[in-house]
Amino acid sequence: MEKITLASQLLQYLITGLTVGSVYAMVAVGFNIIYNVTEIINFAQGEFVMLGGLIMVFFHVAMGLSLILAFPATVILVTLVGMLLDRLAIRPIRQPSVLTLIIATIAASIIIKGAAMFIWGKDPYDLPAFSGRNPITFLGAVIQPQYLWVIGFLVFVVIALSIFFDRTIIGKAMSACADNADAASLVGINVKQMILLSFALSAGIGAVAGITMTPISLMEYDRGVMLAIKGFGAAILGGLGSFPGAILGGLIIGSIESFGAGLISSGYKDAFALLVLMAVLFFKPSGIFGDIEISKIKRF
Amino acid sequence: MTLRRISIIATICLFVVGLLINPAQAFKGTYKVGAVFSVTGRTSFLGDPEKKTAEMLAEQINNAGGINGHKLELIIYDSEGDATKCNLAVKKLITKDKVCAVIGPSLSGTSMAVLPVAEKNKTPLISCAASYKIVHNEKTGKPYKWVFKTPQTDTMAVEAIYSHLFKRGLNKIAIISVTSGFGASGRGELIRLAPTYGMIIVADEKYGPKDTDMTAQLTKIKGKAPAAIVNWSVGPTQVTVLRNWRDLGMSSIPFYQSHGFGSRKNIELAAGAAEGILCPLGSCNIAGLLSASHPQKDVTMKYSKDYKARYNEPLSSFGGHAWDALQMVVQALSNVGDDKAKIRDYLENNIKGFVGQHGVFNYSLNDHNGLTKDAFNMVIVKDGDWALAD
Amino acid sequence: MLRITKLPITIFALFIIFFPWIARQIPAIDHYTDIMVFAGIYCLITIGLSLLMGYAGQISLGHAAFYGIGAYVSAILTVRYGLNPWACMCIGVAVTAAVALLVGAPSLKLKGHYLAMATLAFGIIIFIIFNEEIEWTGGPDGMAGIPGLSIFGFELDSVEKYFYLVWGFVLAAFVFTVNVIQSGTGRALRAIHASEPAASAMGVDVSRFKIMIFVYSAVLASLAGSLYAHYLNFVNPSTFDLFFSIKLLIMIALGGMHNIWGAVIGAGLITFLSYEWLHYFEEFDVIVYGAILLLVTIFLPQGLAGVPGIVKDWFRS
Amino acid sequence: MDTVREENVLEVQKLVMTFGGLMALSNLNFQVKKGSIKAIIGPNGAGKTTLFNIITGSFPPTEGTVKFKDRSIQHLKAHKIADRGISRTFQTVELFGNMTVLENVMLGCHTRVRTSFMASGFVLPQSRRKEKRIRESALKILKFIGLTDKFKDSADSLPLGEQKLLEIGRALASEPELICLDEPAAGLNETETHVASSLIKAINAKGITVLLVEHDMKVVMNISDEIVVLNYGQKIAEGPPEDIRNNSRVIEAYLGAEA
């Protein structure tokens, strides 16, 4: 076995960081979609990712549905869960404050996690990689084809969302809600429906993240919490509400983890990302892209 | 999952029916033995088979007329892997249920949390957890008076692996471990024993018990070009490590897993990546592979057959630890009755050449574990199944 | 409307005094005293947290860390340096106060979600440190051999003796906290909760008050941690993980955030649920927690402590 | 003692405030005489509330100084400014809705009577005495503003007119030398407006300097000694009410804004 060069190692860290970071970025984008419309931080966001992975395993592996069919079926099912979350846990709250909403979504995430444990048990599940497991070697670093799928889907989500928000009427209506809910309802936009839609959309994106990451890292019932924390961190790092910020934040956190684990100490991997996050919060609380005054107007 | 539920309900029904049909079995009185396992929670893969094994044994013993005519009453509590809960449960067993001995807990951490309870209440406790610290009082250098344990220590697993590496002439190794009690304890022993076997540790990496990707750590290891990698973890992370190892094209570096790898489920989940993996396993994992002259051949074969018949699932090596612990208590009970102090003395002085699932035990004043590294067999994954490694 | 009268406190104190005796009379619950020790330890934390979250309106998802710092300071100093446990408890309080000040000062400038994230991150970082600094903390395996407590040579070696010690602390903290709530300080805290700009325009140093309460709640958590360590004679990191912080949140939300009694009720109830009454649900007890939390948030925003008020209103109308 | 300087309780000098390139106040100068009632008027967006926020320390100005009793205060935080003796009300009522009427006023005493955390926790006699004193003076203020019989009610439950009075009462409780009232009559009906006006006069009669922002011209003209007119962040006029009434630039600004 020949030694790999430092440059190749660094490249490998970067590739890993970007892959993991893409998943965080998708979670963070999900956070932002809901946050922009409702100012709620949905702590159950990570559970969508977990459900995406496990439901995909159910459709694709257990039921034998082809990838092309299982993928949309999974996304639709998780989207429904997202809508249920809004209807059953968020909308009934009579005195919404930041604290009660945080508690409600934490409660929802505990329930979803418990239900997943009930259905799937505690074992991890595997999903075949979309296009095989033959690694591609690039300048001494190794790239799994699945890595490209993960990054590719992030790009796809970004493009699809920017078209949605900029070009479609519903997307524009959602942006309007985000900017000023009262004004939006005056011009005839159904704000409640837009909130429902935001939950659906971010659940769908969570599902995509879960489906694409499962072939790399398996999936089990209690993955959601850590993913939610990292995704939330990414969203805050980039500036809550800012989509470019969310993506950048995700990729940064993924890279810090990867480089931190590789170059400094793998035991403190998670701590590095969180330390950087705390530093940003303390010195520039609005995040990299965020601006407290105008954070809500940020769009793609 | 549901299968497990159904089987539990079915066995309970059978048990009830059995009691109704045969109520006349006369017992002289009951011997109460307590047990605490992490039956649920993150570490249920340890406690669940332990509980099943203990229940099966108790039933077999009572069906065969009990212990010298005394019924064996087994009281099992679930610690959920939580130190506080475990502490409460053991106190409840001793003070409320008045058991004469306790078997379990399943984890090193929870065992450490109940040591003082057993010592203070002068109740024998046979732990089913790995760490040598459970039976080694750092202040006195001797075992705690009332505490024993059945599983092989990490030390033995490390010795088995290092001996194997030494035999193959590999000495430049990379270690990677999970930051849980199991991983940290194994890592400690790997580092401590390395000089004894002439091992040079070129990389010492870690990952969290919920991590989803260890590519960065493995890349760093790759950069150090070790002759072999030793991974120390339990649960899903040991599979993820394997998959990353293969994905990074590092298959040419021999890969050793700890004894935590002893479940066939892991081989399945690795999706082919486990081929050629080496690990040390207790005899009960590989009963079928043992030669007919092996001292443990009979006990392990019987246990494995009974377990499969009763629960319709493959044997997990962890259940064997509970088997060893309970059988020792039963042997003590049948010889000295249910006096706590007598049981303790019996365990320390009279468990000699006890043939268990994980080895042949010899307890003594200075050894409350009673095993040597021979309790492990080096095993290799071949064609998706275990095979003895040479 | 927030007067906390003496009568319930007296009844509560009497209940605590007679609890072990009552438990001893009924064999089915004679181990409840042991569980009550832990309920008391958690109560100590929730009392501070209730002041912080309910009265001052500041969220913290990292209090497990302060609980852990108290426990580990006690553990490390007694086991590795042989210090007197009471001295360790005081040092633990000092260390925790310093850490809380260091983290609280910048964190408490943040609001809402940002504050939640900062405290969450802090809690996880401390948890990682407990796991990683093996030479100090014993790593994930934890530390054993922590000595018990004694007062002037009188060993607190039985469950009942420790019960009185812990609940003595709880009562003291409770009365102290009630006094604070009913003083100008409590008024200032509620003012901050209602409107920060108005509070500061009235001369309330908002950030100083927030930090003061943050430190106070951290100190109570640290005391609880020390009591835990000396009772169990053992600590390991998983006791102080993120889920514990969330469990504290569940306790407070269930009991009622805006009422100090809620902290006591919530801590007691959740302790008994998790250590005794929810065995039936096995590991699915988490679903029960989730459901409790969600239902309380939706239907009982004032928590259980708000029930008497609702009943009273209902009878009146 | 320098009696000439002493006359001005508040001096605003060369005040500039910009928000991300937007100029909210530019080069503003004016003084408030001790014991007078000074009103600041101007069309919407003229920078009146921004000015108030700077004086009371919500945020520091971009440039310029604010002097209170000859000492610069523009760098101080809000609670420090309150300590110095400036008190305020808010345009949108900012009462502590979770507290009673009495408690709201009692909080107003915060600057004068403080108990330490430890003292209040251990209920030291001194803290009990202080609490009693605060209660008594709060009750006096409630009597002054005419809300005595509602002292037990929750502040949220009062009608807007009384909420405005209560907010003034709370501001009075700190015994300020200067009280800044941000649209005290906004949203009130005629009788309520009348009550508010006479209250402001009564406050002034106690020797407290009043600075107010108000849209209701009747109130302004009726009670103020001097008026400053702002438009787009600039002072366009200053003087006694009768001068302002006839000032062509003011008329133009108002007509221009309202046309």
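A, B, C and D label the chains in the order they appear, each numbered from 1.
Going forward, a residue touches a chain if its C-beta (ideal position, glycine included) is under 8 Å from a C-beta of that chain, and two chains touch if they have at least 3 such contacts.
Here the structure is a predicted model, which is why all the values come from computation and not from measurement.
Farthest from chain C, judged by the mean position of CA atoms in each chain, is D.
Each chain gets a centre from its C-alpha atoms; the one nearest the centre of all protein C-alpha atoms is C.
Between B-C and A-C, more C-beta contact pairs are found at A-C.
Chain geometry summary: the mean Cα position of chain A and that of chain D are 48 Å apart.
Taking the mean of the C-alpha atoms as each chain's centre, chain B and chain D sit 74 Å apart. Chain geometry summary: the mean Cα position of chain B and that of chain C are 36 Å apart. Taking the mean of the C-alpha atoms as each chain's centre, chain A and chain C sit 33 Å apart. Among all residues of chain B, those that touch two or more other chains are 44, 179. Among the residues of chain A, those touching two or more other chains are numbered 118, 265, 267, 270. The set of chain D residues touching two or more other chains is empty.
By the touch criterion stated above, chain B contacts chain A in their complex at residues 1, 42, 44-45, 179, 205-208, 210-213, 215-217, 219-220, 222-225, 236, 239-240, 243, 246-250, 252-253, 265, 269, 271. Per the touch definition, chain A reaches chain B in the complex via residues 1-4, 6, 9, 12-13, 16-17, 19-20, 118-124, 126, 128, 133, 135, 137, 142, 144, 213, 216-218, 220, 222-223, 226, 257-259, 261-263, 265-267, 269-270.
Across the complex, chain C is touched by residues 56-58, 77-79, 82-83, 87-88, 90, 94-100, 103, 106-108, 110-111, 113-115, 117, 120-123, 127, 130-131, 134, 154, 170-171, 174 of chain D. Those residues of chain A whose C-beta lies close enough to touch chain C in the complex are 41, 89, 92-95, 98-100, 102-104, 106-111, 113-115, 117-118, 225, 229, 232-233, 236, 240, 265, 267-268, 270-271, 274-275, 277-278, 281-282, 285. Against chain A, the residues of chain C that register as touching in their complex are 53, 57, 59, 106-107, 109-114, 116-118, 120-122, 124-125, 128-129, 131-132, 242, 246, 249, 253, 257, 283-284, 286-287, 289-291, 293-294, 297-298, 301.
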